[in-house]
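Note that the chains are named A, B, C and D in the order they appear, and that numbering of residues resets to 1 at the start of each chain.
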Amino acid sequence: MSNNLVGIIPPLITPFVDDEVSTEKLLENLSKYESHMLSGYVLFGSNGESVFLTREEKLKIVQTVREHTSRTLVVGTGWDSIKETISLSNEAAELGANYALVITPSFFKSEMKHRSFLNYYTRVAESVMIPIIIYNVPKFTNVNIEVETIIELSTHPNIIGLKDSTENPSRISELKANVHSGFKLIVGTASVLYSGLLSGASAGILALANVAPDHCYQIYRFFKEREFDKALEFQNKMIPVNKAITSKFGVAGLKAAMDLLGYFGGSPRLPLEPLNEAQQIELKMILKNASLID
Amino acid sequence: MSNNLVGIIPPLITPFVDDEVSTEKLLENLSKYESHMLSGYVLFGSNGESVFLTREEKLKIVQTVREHTSRTLVVGTGWDSIKETISLSNEAAELGANYALVITPSFFKSEMKHRSFLNYYTRVAESVMIPIIIYNVPKFTNVNIEVETIIELSTHPNIIGLKDSTENPSRISELKANVHSGFKLIVGTASVLYSGLLSGASAGILALANVAPDHCYQIYRFFKEREFDKALEFQNKMIPVNKAITSKFGVAGLKAAMDLLGYFGGSPRLPLEPLNEAQQIELKMILKNASLID
Amino acid sequence: MSNNLVGIIPPLITPFVDDEVSTEKLLENLSKYESHMLSGYVLFGSNGESVFLTREEKLKIVQTVREHTSRTLVVGTGWDSIKETISLSNEAAELGANYALVITPSFFKSEMKHRSFLNYYTRVAESVMIPIIIYNVPKFTNVNIEVETIIELSTHPNIIGLKDSTENPSRISELKANVHSGFKLIVGTASVLYSGLLSGASAGILALANVAPDHCYQIYRFFKEREFDKALEFQNKMIPVNKAITSKFGVAGLKAAMDLLGYFGGSPRLPLEPLNEAQQIELKMILKNASLID
Amino acid sequence: MSNNLVGIIPPLITPFVDDEVSTEKLLENLSKYESHMLSGYVLFGSNGESVFLTREEKLKIVQTVREHTSRTLVVGTGWDSIKETISLSNEAAELGANYALVITPSFFKSEMKHRSFLNYYTRVAESVMIPIIIYNVPKFTNVNIEVETIIELSTHPNIIGLKDSTENPSRISELKANVHSGFKLIVGTASVLYSGLLSGASAGILALANVAPDHCYQIYRFFKEREFDKALEFQNKMIPVNKAITSKFGVAGLKAAMDLLGYFGGSPRLPLEPLNEAQQIELKMILKNASLID
């Protein structure tokens, strides 16, 4: 199964209609993605607004998506509460999730060190019936799990990969040189997809793949074909778009871009807010410049 | 009711036996606190390991504690998910909670600004049946809610106070000068209890009050009697202890100190770990130096 | 001499005319300050744009100011280069400086710890012919010197005080309880002048004292007379002004306020820029609301 | 001349004997480097302890090194003081420096934004007689110059490159796609040499090149020959060494490694300290594992 963690995997956004989860809109988006070269889907990544969803909403989404795709499903189940992390992972597994994506605990920042991570992830791995993927995203957690810790955790049979959302590919290459070949290294942000792949990553879980799945795939394909210059060219074309839907406009920007590109995006939940008019115009221009819209 | 938010309020730790919540131990601690000059209790503050508790565990604790005290109960109910925040607040209210303590949302850090906080807290305040208290704790959230935002929120009839866990009392004095008299300003860390009170705070919600409720009360009492030098003397005596149970040893230190002082502390949940032997010896020495133990 | 480090001390701004230091304008400002209740002057504090001045400019300023006042002169001489710090301190001493204010070295942030500071400050103290004052300003240096380190350094006969520009007065009270009575604790930011004095500080080195020397002095005087409520009232009145000339508009705001209040402010040096028109209007309004101008 | 900013360039350490600059030891090191495939030298990079050197020491070093090599000399001349930056750059130029490496001003962090950087660098570029290279090193400055700002500055005829010491190669690729071909992009840390080159960098200014100039050159050479797997292999072998001489042990580690490898390293200046014995042993092991010593 871990052979599936290759290529491009979008972390699906969560559509809301009148502030409630719309599985209908989610399935509309999904049916479009099914015809693209994608290797699977992540549910409840950061940009899926997982922190705004209730447990019930999450389980309903897992079930619904699982019924409509045979592709790999990676489900974000991690939180500071190890108890919740384990039980949600196992319930998701029963509903057909293939992997549990477990974000680093982070509330007690100053105490999140080597041993804390070892203990936490080992316990989770031993208690969850599907393989787990470590998720490192300092931009949101203000915590960073060290390469040394990941190397040690990689020997656990039920910890099978890392999604790394730093923009530092030297972490990927250092890990690649020190973990067994079955341990998957996954780039977590499109800005370093190209250099991540060249450093040893096997896949990308990329917000950008929600709006430009084919462009992301081209970067991956050209990399596989060792057409590195072409891969870099595609990568560079996507950088302004990727910035717009991440650091510049955040989830609201990602959702607005989806609306402009024929998917359903809609509004994020509070405390996030939809883009204002000026931001929408700027976003449109960025998508135009990248030839994603006319 | 908001008259109750004066004086000293401990944010109760959550006792675990074999990693499960022990309401028995919690009640043992509570019965001891009932004979001290405390104005109420906080359930599920940061040091109550609220991020490690499930919803069911939280509700059971609220119910149990409510049945055994008539004092004010402030219940930590906030999280990034506004939906969870509102529903947990209302369920806690039905079980007898008097106030909902709502931590700032913080996952999407760079977007947590004036308007996001206004929208979020206003919606929460309108949807919750008990008054809410804003909880600002940048040490754990890496987000800071500005004085200007709090001033604006203070005009909402169902937002009745702030627990501020920065160590900057100029925030308290600036707020004091700009909010109506019913809006309660609560110091969230013992290190600035003295200067917070002198700057306009009415109360302290202090981890230290779990282990040294009387000393905390003395600081408060001497302040009320305008015996400022004596208040400062008590404050200074407590600083090393307060450091030990917060920045130095964290929740594990707080729990270890409780064990040494005749309360039940026990171990924190993973990823936190209990103190090692060397740390225990150091902690003992600190408590001795402060004359809390012989 | 260290008896002089009490009361209010403005860290003088450096006036530029056509981007060159104007000692003429500096003396004009100085002659105004001489008639106010100020205990001395700081040259080359952070807001004096010390990082933009050459060594020659600094020495010229020390000499000029010394010739025109008999008040205490504290001269900022510290930098990462211990060699430069020592030689500038001694040259300033020869020109009549009374104290050297030595900012924490900070370039190699992650290595600036207990022992580094001990070694650095001990060497400086032993090599400089006037007493030195430690200057802690994490806002600019991203480095914080711990209370424990200061306590250890306070025993050195030639280290006679601390200017602390954090906004955390618990540092002041903890130090007060642990250093000898001759070691001076000086508040470095007006936002916590009131609570700093109540926590054991003897003086304030305050950017605000450049524009509102009398108001600062009133806070100090009422504190000395144990009229704490009046002190707090003055303090609160000054908070918006202090914010405007520090966190909100920085050195450019401080200089613009001086221009509006009858002193010479002028423009800061590059890379800083003078306020634009909208900012000037906002600043004027803030000064008006505080009754500093009509 | 800007054709020279390709390949590997070590930022030379500054040797001290009895705490004084030893040009003798510096020349000994230099004569060794002259026989390696290096494209030039940086004087007064961060690891050259530039912040600990006086102006006189710097000028003496420039003169001495210039007399003993015909290779490109890049001289670090930047500081917050624009006046000092310009005059030091011009004096270094007269002594034969080819480029001035100008670190971002950073003291007033919160005000170091797009316009401040534009104004500062434009003024410097117009006033300095040799071409300047922007130096971005957030690890030490806590300030980051945005890609957009660099793109704008790249059009100035006297600003001819960037040394970027973040570990994020997407900055390099984004710049590469947006600046003219003569603008040189230089990787500032060996951890991302490989991915930086693959993203469009022409050169590396690397602390690691002080201790392992040939290994660094191999990474560069294999990259040029499009033997990317071999380049990555060399890169990975160097990662533990690079960590040891940067994040783990800092300048003291770099200097200790030089001593172990036949160069002169010696001790850093205060407040830095030489490695203790345990650290020396650990460092030796790391160099052994990388086959740099037996």
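The working rule: a contact is a pair of C-beta atoms (placed from the backbone, for glycine too) under 8 Å apart; a residue touches a chain by one contact, two chains touch by 3 or more.
In this text, all values refer to a predicted model and were calculated from it rather than measured experimentally.
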Query raised in the report: If we look at chain B and chain C, which chains touch each of them?
Result: none
**Report entry** Over-half contact-pair match to B-C, picked out of the listed pairs A-B, C-D or A-D
**Finding:** A-D
Report task. Give the label of the chain whose average Cα location is farthest from that of chain B. Result -> D
Report task. Examine where the copies chain A and chain B touch and state whether the two sides share over half of their residue numbers (same) or under half (different). Result -> same
Query raised in the report: From the C-alpha centre of chain C to that of chain D, how far is it in Å?
Result: 35
Query - Cα-centroid distance, chain B relative to chain D, in whole angstrom - result: 48
Query raised in the report: On chain A, where are the residues touching two or more other chains?
Result: none
Report summary line: Counting only contacts in the complex, chain B reaches chain A at residues 46, 51-54, 79-84, 87, 105, 107-112, 115-117, 119-120, 123, 140, 142, 247, 250-251, 269-273
Query raised in the report: Can you list the residues on chain D that touch chain A in the complex?
Result: 167-170, 173-174, 176-177, 191-192, 194-195, 198-200, 228, 232, 235-236, 239
